[in-house]
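Just so it is clear, A, B, C and D label the chains in written order, and each chain counts residues from 1 on its own.
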Amino acid sequence: MSRIGVFVCHCGTNLASVVDVEKVAAAARELPGVSYAAEYKYMCSEPGQQMILDAIAEHGLKRIVIASCSPRMHETTFRKMLKKSGVNEYLLEIANIREQVSWVHTDSGVATEKAVDLVRMAVAKVAKDEPLKASSIPITKRALVVGGGIAGIQAALDIADAGHEVWLLEREPSIGGRMVMLDKTFPTLDCSACISTPKMVDMSAHPNIKLLTSCEVAAVRGYIGNFTVTIRQKAKYVNQDICTGCGNCEEKCPVKVKSDFNKGLSDRPAIYRLFPQAVPAKPVIDRAHCLKLTKDRCGLCEKVCPLGCIDYADEDREYDETFGAVVLATGYGLCDWTAMYDEYGAGRFADVIDGLAFERLVNASGPTEGHIVRPSDGAEPKTVVLVKCVGSRDPKKGKPWCSRACCMYAAKHAHQILEKIPGARVFVFYIDVRTPGKNYEEFYDQTRKDGAVYVRGRVSRIYKEGGRLICQGEDSLLGKQVRVAADLVVLETAMEPAAGARETAALFGASADANGWLQEAHPKLRPVETQAGGVFLAGTCQGPKDIPDTVAQASGAAAKAIGLLNKDEMETSPMIVAVDEAKCSGCGACVDICPFGALSLEILTAREGRWERAERFVCKVNAGLCQGCGACTVACRTGAIDLRGFRNVQILEEIDALWT
Amino acid sequence: MMYLLKENFDKAREALAGAYAVVVPDEVLPPKDALFPRSETLYETDRRTGEARAAGAGGKTLLFGVRPCDARAIGNLDAAFLESGYVDANYAQRRENATIVALACAQIPSPACFCDSMGGSPHEAPEADVVLTEAADGSGYALDFQSEKGSAVAEIWKAADLIGPMPAHLEKAPAPTCTLKVNKVPDLAQKLTAAFEDGLWERLAEACLGCGCCTYVCPTCYCFDIGLENRGGTADTFRCWDSCMFPGYTQMAGGHNPRWSKTQRLRNRYLHKLAYFDERYGRTLCVGCGRCICRCPQGLDITRAVEWGERL
Amino acid sequence: MDVANRTNTAAGGEPKILAFCCNWCTYTGADLAGLNRMKYPANVRVVRVPCSGRVNPQFILRAFARGADGVVVCGCHPGDCHYATGNFFTRRRFMLMRGLLEFNGIDPRRFHARWISGSEAAKFRDFVSEVCAIVKGLGHE
Amino acid sequence: MNNFSQQQQKIRSAASRLLADGTVRFVIGWAPTRFAERTTVLFAHTEAEAQALVWNAHCTAALGKYLLDHRLADYAVGIVARGCESRMINRLLTDHQIWRERVYILGAPCPGMDAERCAGCRERAPVVWDELLWDADGMPETGGRQDAAPTNLDEATIADVGAGLALPAVGAACSRPLDTDTSLRSRFFRAEAVEGLSAAEKFSYWDEVYAKCIRCYACRQACPVCSCRACYVDMDRQGFQGKQHSAADNRVFGVTRAFHVADRCVECGECERVCPMGLPILGQTQKLIKEIEALTGEAYVQGMDAEEENFLGAFDLDDKDDFL
């Protein structure tokens, strides 16, 4: 006999006014396996719980059914209560006779009949419940932040300030990301470098932070609390431990390469740092252009280095480290407009540049020391056209999404041109102007007052005529074609996910949406979490956003990571799937279903029948990743994989109980 | 000798419908279903009180038109269910209630028939209560009433004026002979069991799919399983056919399965049909009806094992 | 599956409809209907499952075999699944199962599926009422 | 005209060669029985046995499922594979049941055999092989079986060929609710025959079918897609299905079996061919493939390659849910 106890709650009059609770308890006493049934005014109250505990002791009850409010309300309460008894807290079922009976039905007769049915179902199910034990996994108290832009920096600082060790991994030779390329930030026009470089210095000096530059994630094993990450350290060819960053080598290097950081507007040597304030402030050798590494000649840097830091034999190496939490902050790139917009010259015109190049032009530490000039001849432009939504909001040629920051930085660019070049004229071609942010609309207003001319319409064509760039488009407010002869054209291009973001996220079990932006666990309620436990999102990797939003999300992701790392151990729900390997045929149908990557096929070698060492596939469950949805169980025809707490046999018993 | 005109054949069957539930055997399945059903409830248990109630095994039946080989097979089932020391109550009740009217084969029903190689005959059915044998001229059937139950049938037919004495000039048609011939092998049972470990069993079983078709169409397979199914407040204890060709048949609770390969299972089936039953009851279980040959989707043939035994 | 003979309506009683509801959306929606004291027919019996993806179509076969007058499967709206993708599989599975039931002579009006979110209490009420009316109308064949 | 004799010779020589050079442990093919219109399956272990392999219109049994018996083996197995067998092999590979390198496939383009299941077959040439025994050209691509050619018993060197009496097809002589016309059929001929019925007619149609079912599970055993180590139906304690026989229980089995193979069925039709009761169960699986095609609007043919995605193991964000 199962020795099931059934406890029917009155919930004051909530239940008892409609359901004949005594009749329900009486009916329960007649059910197979039920040894005891009682009713009480408030089961969830202190005396109610005590009554249940007493009944368990007195009647030797082994399994408990409580007919009361929704399990979403008090299942946890009663589970906690059972921990005080000898009964395993998972040998409990709740029959929801309040929300789904007394509150929705008025006829006492049918309501009572339904309540009895629900109790019968719960009794049938509880008889098949298994004792379960929540297990816990230890948490490695160290976070990994992938990406060293402002999002990664902010997240790393927040986690480190909370007292946890953080490793920040950046694939470029310096942290800083996109923000350090910018000149000023809207709407306050404070200097981007002035607010971001101190954070970078904080980073390098923080006792809890370890910086990994020129590094990539090569592989990941494990799951929440314990990710074992294989880190690939790319060769730097400069001993970073000894180098003081004196800069001798950079001065003497004979090689000239277009600087990516300056968007090709200047050159850099083959031994270089990304930008003057780079962190770490030490150069690395660009192996693709170094004469010594490519042609085995030169070797100047080695000669001029006073400390003997140069090591041409340096090699990429890989090593494993374990982390408890991961923040993905892989950032964004700008779309390659030259491949999309032939009508804008597809890159043939030197004076058609993108917004980031303009940032370098206008930046005091940039190649022109902040003078806005035409890249083609160095002359100061008098008429500048800014084209918004290049690549954005253009499903046919570009991307379907709005890149969110462009409206504002276009206004900022207009403002900067009008401020720096007296008498300059600025035309802004736009589809809509979107300024949803604190002080944003005001900034846009001011820019127009300053003289920027906003033209509503797309530029359909840019061509050269008499040394100037003719921007032709329709002014859709006037309903006619307009042509503007410009000296410089700035295309405010679309943000897109950084190259490799999807692949990197996939290593951690996180996914990207159809557009390549990393997928949050819930668009509203879990915006910084991913489907992979312990993996959080910060900044533009999740979708286009401006700096304030990026920083806010980074702190949010950090808070989640801190919450995880503050625990020594994490309790995992025991209501997850388990595989019976003897039955599993290794077909892999379940593996395709799991959204968390918790299932995998492994080869099992065992004696079977006449074969001493038979090899076959079986499914393995990663208990740290399984979230207990049970979708895989349906794909398993054998029933080899089953969901604890909701096993096939339990649900079938519930069904059977309804029809006797 | 009584005689039934061919034109009265259907009437003869219909005349019995008042006194018996008349069962005309299926074309594919043997008539064992009427005595040993595919599935039957043995007893129902009240899940609260634990009180059990036997389900009972029905009233009077009459199997009409049973083939002689199948009648012989019923004799083998009797040996297993009634004469082995334990009397199976449900089988006994059904058997007691059943009257068997056999119809001797005028022609050989299937090229796979080999009853006359297994000691039977297309015309002889001593286990039957009544045997209908076609007259040589095809006009009707000579009737042999072989038991009290048979006499009861005779009374009904007489009362309905359906039968009369067999005209003197008529005689039973001679028994046809099966086209599939299997040589009688002296000591077949001993020879086959002695060859238990022979590698040829594996060769015989290679083409076997492992379905239970041969056992379900066999008139002499009587293995069963007993199960329990909860139906709300009551639990049905039921018995259903089982098949030694299924791995689950010998599966033990701890996971071990002594007959884990299909070779072992096929060997067991063949040996049961040709040796084990003989050792225990002194008669070969296989009656040569040919159904397992006819219905095997992969063309397996039990007579191959007999031939092989001959060469041993 | 012997619908014709074993349904409750055949015995002259009220039909019983079995409803599989996912914990995160529809079960919550049903609870909300209760909180709002909405009224609907008492014929529905809810089985709580973590995700509609947990609902094995064989459960539906079982329910009909045991005598269910109607069966419904409810889950989160596509894209809102608590487990990201569970209900996408539900959708394909039950699209096939429904066709198969119909092919086997089970009146498709006895089986329904619907996406009902945690906030759609009224939709839950309406859906249950609608299915109940349909199933009552079918009676027994 | 038929090329059976020439082709049979090719099968025998290829099998002999593979056995002689040790490529395979044995070659799975067909051999004659005592009965003219019946073949059995032969595992030829020696060159002499390879000479007993036959190729004629009565080679109806599909061979693919036998590979499962040797799925754990460390040796290679040779197999004669027609279109259906080759799709079975791909399916078994997709389901991780066999190792490709342990199967040597002798591709045998098929003219359509003397079996009802071949009537709706669209893919008669093998889709995977190690060696194609003869060109697929000239093979009818769709529908219709070949006229039954005489069994090449004279060529069979097996010693004990019997009287050569005709034995009808496995499920024949059982009353079928459907006609048994084996001429050219549409791909989903069985399903279409049922679809036109009213709900009540459908119900009684299947009632009649499942009242006859004896639950011998030949349909499951023959099915190359039923590769589970333990079938749900053999585990009554698990709760899905008891062992009781009744039209209702059998029907649950029938529908469940169809659903279990739904998106993986290679349409070989073995389930129906092997049914000793001659039940027209192919309609169940055909119906499911029809449904899949109706949803995706694309052809859904399984077994064409080994890297297929299962319909039920995937989803499209825009899948129709107009059934709701």
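We take it that a residue touches a chain if its C-beta (ideal position, glycine included) is under 8 Å from a C-beta of that chain, and two chains touch if they have at least 3 such contacts.
Keep in mind that this is a model prediction, so the values were computed, not measured.
Shared contact partners of chain C and chain D are A.
Centroids of chain A and chain C (each the mean of its C-alpha atoms) stand 35 Å apart. Centroids of chain A and chain D (each the mean of its C-alpha atoms) stand 48 Å apart. Chain centres here are Cα averages; for chain B and chain D they lie 31 Å apart. Touching of two or more other chains is recorded for residues 582, 593, 609, 635, 648, 652-653, 656, 659 of chain A. Residue positions 57, 62, 85, 89, 93 of chain C each touch two or more of the other chains.
Shared interface positions of chain D, i.e. residues touching 2 or more other chains, are given as 240, 312, 317.
Under the contact rule defined at the top, the touching pairs of chains are A-B, A-C, A-D, B-D, C-D. Per the touch definition, chain B reaches chain A in the complex via residues 47-48, 230-234, 255, 260-261.
Residues of chain A that touch chain D in their complex: 514, 582-589, 592-593, 601, 608-609, 611, 613-617, 635, 637-640, 648-649, 652-653.
By the touch criterion given at the top, residues 6, 8, 14, 16, 18, 23, 27-28, 30-31, 33-35, 37-40, 42, 45-51, 53-57, 59, 62-63, 66-68, 82-86, 89-90, 93, 125 of chain C touch chain A in their complex. Partner chain D is touched in their complex by these residues of chain C: 1-4, 57-58, 61-62, 65, 78-79, 85, 88-89, 91-107, 112-115, 141. For chain A in complex with chain B, the residues that touch the partner chain are 30-33, 582, 609-610, 653, 656-657, 659-660.
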